[in-house]
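Have a look at these structures, which come just after this line.
Next, two complexes with chain A in common: one pairs it with chain B, the other with chain C.
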Partner chain A sequence: MFITDIRKDFYEVVANQRVALLVASDIDALCACKILQALFHCDQIQYTLVPVTGWQDLGTAFLEHKEQFRYFVLINCGANVDLLEMLQPDDDSIFFICDTHRPVDVVNVYNDTQIKLLIKQDDDLGVPSYDDIFRDDDDEEGDDSGNESDEGSEPSGKRRRFDEQYLVLLILSTMTELMLMFHLFHRREILFDYEQYEYHGTSAAMMFFELAWVLTKDTKDMLWWAVIGLTDQWVHDKITHMKYVTDIATMQRHVSRHNHRNEDEENSLSIDCMRISFEYDLRLTLYQHWSLYESICNSCYTSCSFKLWTLNGQKKLQEFLADMGLPLKQVRQKFNSMDMSIKENLRDVIEESSNKYGMKDIRIQTFGVHFGFKNRFLASDMVHAAAALLESAEKDESNSDNFIKALDALSRSNLERLHSGIDLAKKKLMAVQQTVASCICTNLILSQGPFLYCYLMEGTPDVKLFSKPMALTLLCKYLLKAFVHSTRNKRCRLLPLIMAAPKDVDKGTVIVVGIPPESETSDKKNFFGRAFEKAAESTSSRTLHDHFDTSIIELKSEDRSKFLDALITLLS
Partner chain B sequence: MFCEKAVELIRELHRMSDGQLPAFNEDGLRQVLQEMEALYEQNQSDVNEAKTDGRSDLIPSIKLRHCCLLRNQRCITAYLYDRLLRIRALRWEYGSVLPANVRFQLSAEELQWFGRYKKSLSCFMRSLGGAEAGGEGLDITQDMKPPKSLYIQVRCLEDHGELEIDDGTVILLKKNSQHFLPRWKCEQLIRQGVLEHVVS
Partner chain C sequence: MQGILSIDMKKRRHDRLAFYASVKNFRTTISLKSYIHQGDLGPFNPGLPVDVPVWLALNLKQRQKCRIVPPEWMDVEKLEEMRELERKEDTFTPVPSPYYMELTKLLLNHASDNIPKADEIRTLVKDIWDTRIAKLRLSADSFISQQEAHAKLDNLTLMEINTIRSLLLDSLNCMFKLRSNLQPGSSKGQFMDY
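Right, the complex of A and B next:
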């Protein structure tokens, strides 16, 4: 069931209890977790935090902790599957689920006792009504009586006795059967429509920030984490642009509420205090921690608009820089060492020139933070740094080690961790750009009919980076954008993309990701989850649907070709 | 040379100046006591001789041996006393149960002394915070530094199994899980290195 009053129905329920937090591995979940941890520290609510990376992890963690805890809070996991059936909990376990994955499973919505959803009910949900999906018990008994009378009518047929009673019963039973079949068919259709497309809702970090605001315990740190959670959804392309702008406006109200004290000159805050400001900043990834040139070359938006994998594209970039009057020497320097005269009007200058080159949306609404003399970060910088730390492909680091590192990087006191994250993010972005360039230049993207397909061979440089789901999804999206800009085939531009990369060489598995087609008005709804399930079933391929996003699966490399064939027949 | 052995004992303790306790050097002690006995015997016979025979030239050697005896005595008492101070500090560091490797370093008498010290400390603690019998007492060996908060956030560095806290609930300490627990429960484990205090 949906929780209406988050303070009364969630916070006050767990106030004197011990809680287990099961947190998924994405940045939005990390930010939500930090906000909740800060609230729990305030009120001395004892908790245990366990990171989980997939359904199996979730099951194991639940089994280990179910004896000791009654209340479980699941962050960014658990809403889109029948949780009670999967975990088989005791009757007194209560689950609070704050998850951005949609659609929310109908059993979770209509369960009144054990599952509480920390999701806003008007959040674009479209849940089918109760009567459409669940029938009362009488009609199920009608089904049984229909069966019995069937058996009764058989011997009468053999004995060739047309008893009136039997005839009436026969007609009634067929009618109820037909109604039941119709209802079941209707129900299946409704559920199919409801569960067909997978998408994302409001950020979990924003939900918990709202809880903090209702409790009037919100601080600037929590606000900043909420902003990072929202930006993560935008950077990884999980929400539409409209939703992003709406949510930014909500955050902007909170930011101005926190900032109004700065306005008078006499009581100005110390330089070490945290200041969050609204920025209409450039869409160049990490540009303030890199050189401007590198940032332009490695940001998806600019690289695709210029088509920087071609010689022509490189020339255009040089023209663009010349048009703005920026000397190459300055542009290749670290951003902080650029001349002040250039940095002052940089945003407006870039916006003007990029309009000429067809890049209308070079600026995006976002927030930046500023504390101390040296430390200025944009929200997207933090997202990229934390994502790089979360999925760093070092050999002897487990998933939970990376989770802890990424969680630490989000605090203001761990700046070296954050800077190491930014360096890793730079390497990751460069690897992504190089892979995109090589895929486009060597025509590795093949059109399979209803979708595009690309397979990263084992010897590709940096292929280890792409064995992780978030990094592979990012590569996938950049690749699709680049492909759309570079291909002349109009039909191919509207196709979705499936990408496969080797995950574990010893076990012989690949990770497969599917993303919806690229368009201006895309609603980011992904149908590959169901498609993958059906294809795996029909070919009995050995797949592992372990990730919380159903459009990311693991597959044995030998089954790759038959799986793809099944998908092609399914989707065409 | 006389008194070498005794100084050797002192040097042994001085080498471990950070409060660690070396094993009880029973051999060294016995040798010093033997030396003292030998010196005493010699002195005894010399004194008798000096008295009866009136030999005053023995007096300096008697004096020398007497000084050596006194020095040995000082060294031994200093050794024993320093060990006792270190053992007392062990109670504050490890709690009332000493780990086996530490207990190995103590002699039987020192263990007895430790037991009596524990008893008197617990008597004292019980008498605080309510003088009547059945008063709650105060555990003064907890919170050696004034705590900032009742609960602290800790991170588990290795799989340690289960931990039971005061209200009976059990917590599973698995690697890389984070917990928010009462401070007094965690101090012991933080000292052992199983948990790490997270300051955010």
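Right, the complex of A and C next:
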């Protein structure tokens, strides 16, 4: 069931209890976890933090902890499957689920006792009504008992009437059967429509920030984490542009409230205090921590608009820089070392020039933070750094180590970790761009009919990076954007993309990701989850649907071709 | 409940320090009365300022249950006056509080948003500290080189004493060793090691 009063029904319930936090591995979940941890520290609520990467992890974690804990909080996992059936908990376990995955499973919505959803009942949930899906068996019995009483009221009726009664009974029972069949069919159709497309809702970090606000315990740190959670959804293309802009407006209200709280003409705040400001900043990834040139080359938006994998594109870039009057020597330097005269009007200058080159949206609304003399970060910088740390492909580090490192990088006191994250993010972005360039230049993207397909061979450089779901999804989206810009075939531009990369060489598995087609007004709804399931069933391929996003699966390499053929037939 | 604070490596001899800052509580629902070493605390009523030990103040501040009111001496004009006075005099002037350095550090690290003009205060306190330490070094130097037997210094705080303690004691020990070797009657050329 949906929780209406988050303070009364969630926070006060867990206030004197020990809670198990099961947190998924994405940045939004990390930010939500940080906010919740800070709240728990304020009120000294005991908790255990368990990072989970997939459904199997979730099951194991639950089994380990079900003896000691009664209350479980699931962050960014658990809403889109029938949780009670999967975990088989005892009757007194209670689950609080704050998840951005949609659609929410109908059993989770209509269970009143054990599942509490920390999700706002927006208009876009579209949950089918109870009567459409769940049928009470009383109706059927009522009909029968009515018939019997009819029969019983005339015990010694004439034989003719008895025959009539019998006929009526027969007709009625056939009708009820037909109604039942119709109902089942209707129900299956409703559920199919409801569960066909997978998409994302409001950020979990924003939900928990609202909880903090209701408790009046919100601090600037928590506000910053909520902003990072929202920006993660935008960077990884999980929400539409409209939703992003609406949520930014909500956050902007909170930011102005915090900024007016302490600032005064006479009593200005210490420089070490955190200041969050609204920025209408450039869409160049990590440009303040890199050189401007590198950032332009490695940001998806600019790289695809200029088509920097072609010679022509490189020339256009040089023209663009010349048009703005930026000398190459300056532009290749670290951003902080550029001349002040250039840095001052940089944003406006770039916006003006990019309009001439067809890049209308080079600026995006976002937030930046500023504390101490040196430390300035944009929200997207933090997202990239934390994502790189979370999925770093070092051999000795387990998933939980990476999780803890990424979690630490979000605190203000761990700046070295954040900077190391930024370096890793730079390497990751460069790897993504090079892979995109090589895929397009060597025509690795094949049109299979209803979708585009690309397979990364084992020998590709940096292919280890792309064995992780978030990195592969990022690569997939950049590749599709680049492909749309480079192809002349108009039909191909509207196709979705499926990408496969080797995951585990020893076990011989590949990771397969599907993303919806690229368009300006895309609603980011992904149908590949169901499609993958059906294709796997029909070919009995050995697949593992472990990830919380159903559009990401693991597959044995030998079954790749038959799986793809099944998909083609399914989708065409 | 002991007020145990380990602030600085230099203060290894100070295991327990309890000093008081004025704390103003608001939006709290505590109305407890607690019995601790130095006496009772509370009851805490929302909106009314209460004097509590610093450790409790910082704990409550970190749990966002209170706002800290800085001590009266932590004010830009007063500190500027003290700094000027310190620079003029050759000897040590009276300090704002016997624990001024520790308090400044703690409060500015954890509660700088409640203290107006925190950066200037930090600079001023550092200036006062530097002046006093310079005077202390000068006087310790002259004490050792002129081989005085005893000295009297007023208005020193415990933390400043700690900075000079090991240096002074070790150098005086060395001096003693050297002096006792130079006296006639002791075996020449033998340097006694401890």
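Note that in this section the second predicted complex is superposed on the first by the 536 of 572 C-alpha atoms of A that agree within 3 Å, B and C clash if a C-alpha of one lies under 4 Å from a C-alpha of the other, contacts with A are read in each partner's own complex, and residues count from 1 in each chain.
The rule is simple: contacts are C-beta pairs under 8 Å (C-beta built on N, C-alpha and C of every residue); 3 or more make two chains touch, one makes a residue touch a chain.
Model, not experiment: these values are computed from the prediction.
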Chain B versus chain C as contact partner of A:Glu537, first or second or both or neither: neither
First, second, both or neither for A:Asp272, with chain B first and chain C second: second
Partner chain(s) touched by A:Ser400 [first = chain B, second = chain C, both, neither]: first
Partner chain(s) touched by A:Glu458 [first = chain B, second = chain C, both, neither]: neither
Winner by number of chain A residues touched, once chain B and chain C are compared: B
Touching partner for A:Glu352 - first (chain B), second (chain C), both, neither: neither
Partner chain in contact with A:Glu558 - chain B first, chain C second, else both or neither: neither
First, second, both or neither for A:His41, with chain B first and chain C second: both
On chain A, the residue positions that both chain B and chain C contact, one per complex: 41, 44
Contacting residues of chain A [partner chain B, same complex]: 18, 37, 40-41, 44-51, 64-65, 67-68, 398, 400-401, 403-404, 408, 411, 413
For the chain B and chain A complex, residues of the former touching the latter: 149-151, 153, 155, 169-172, 174-182, 199-200
Complex contacts: residues of chain A adjacent to chain C: 41-44, 216-217, 219, 262, 266-273
Chain C residues within the chain A interface of the complex: 27, 62-65, 108, 112-113, 115-119, 122
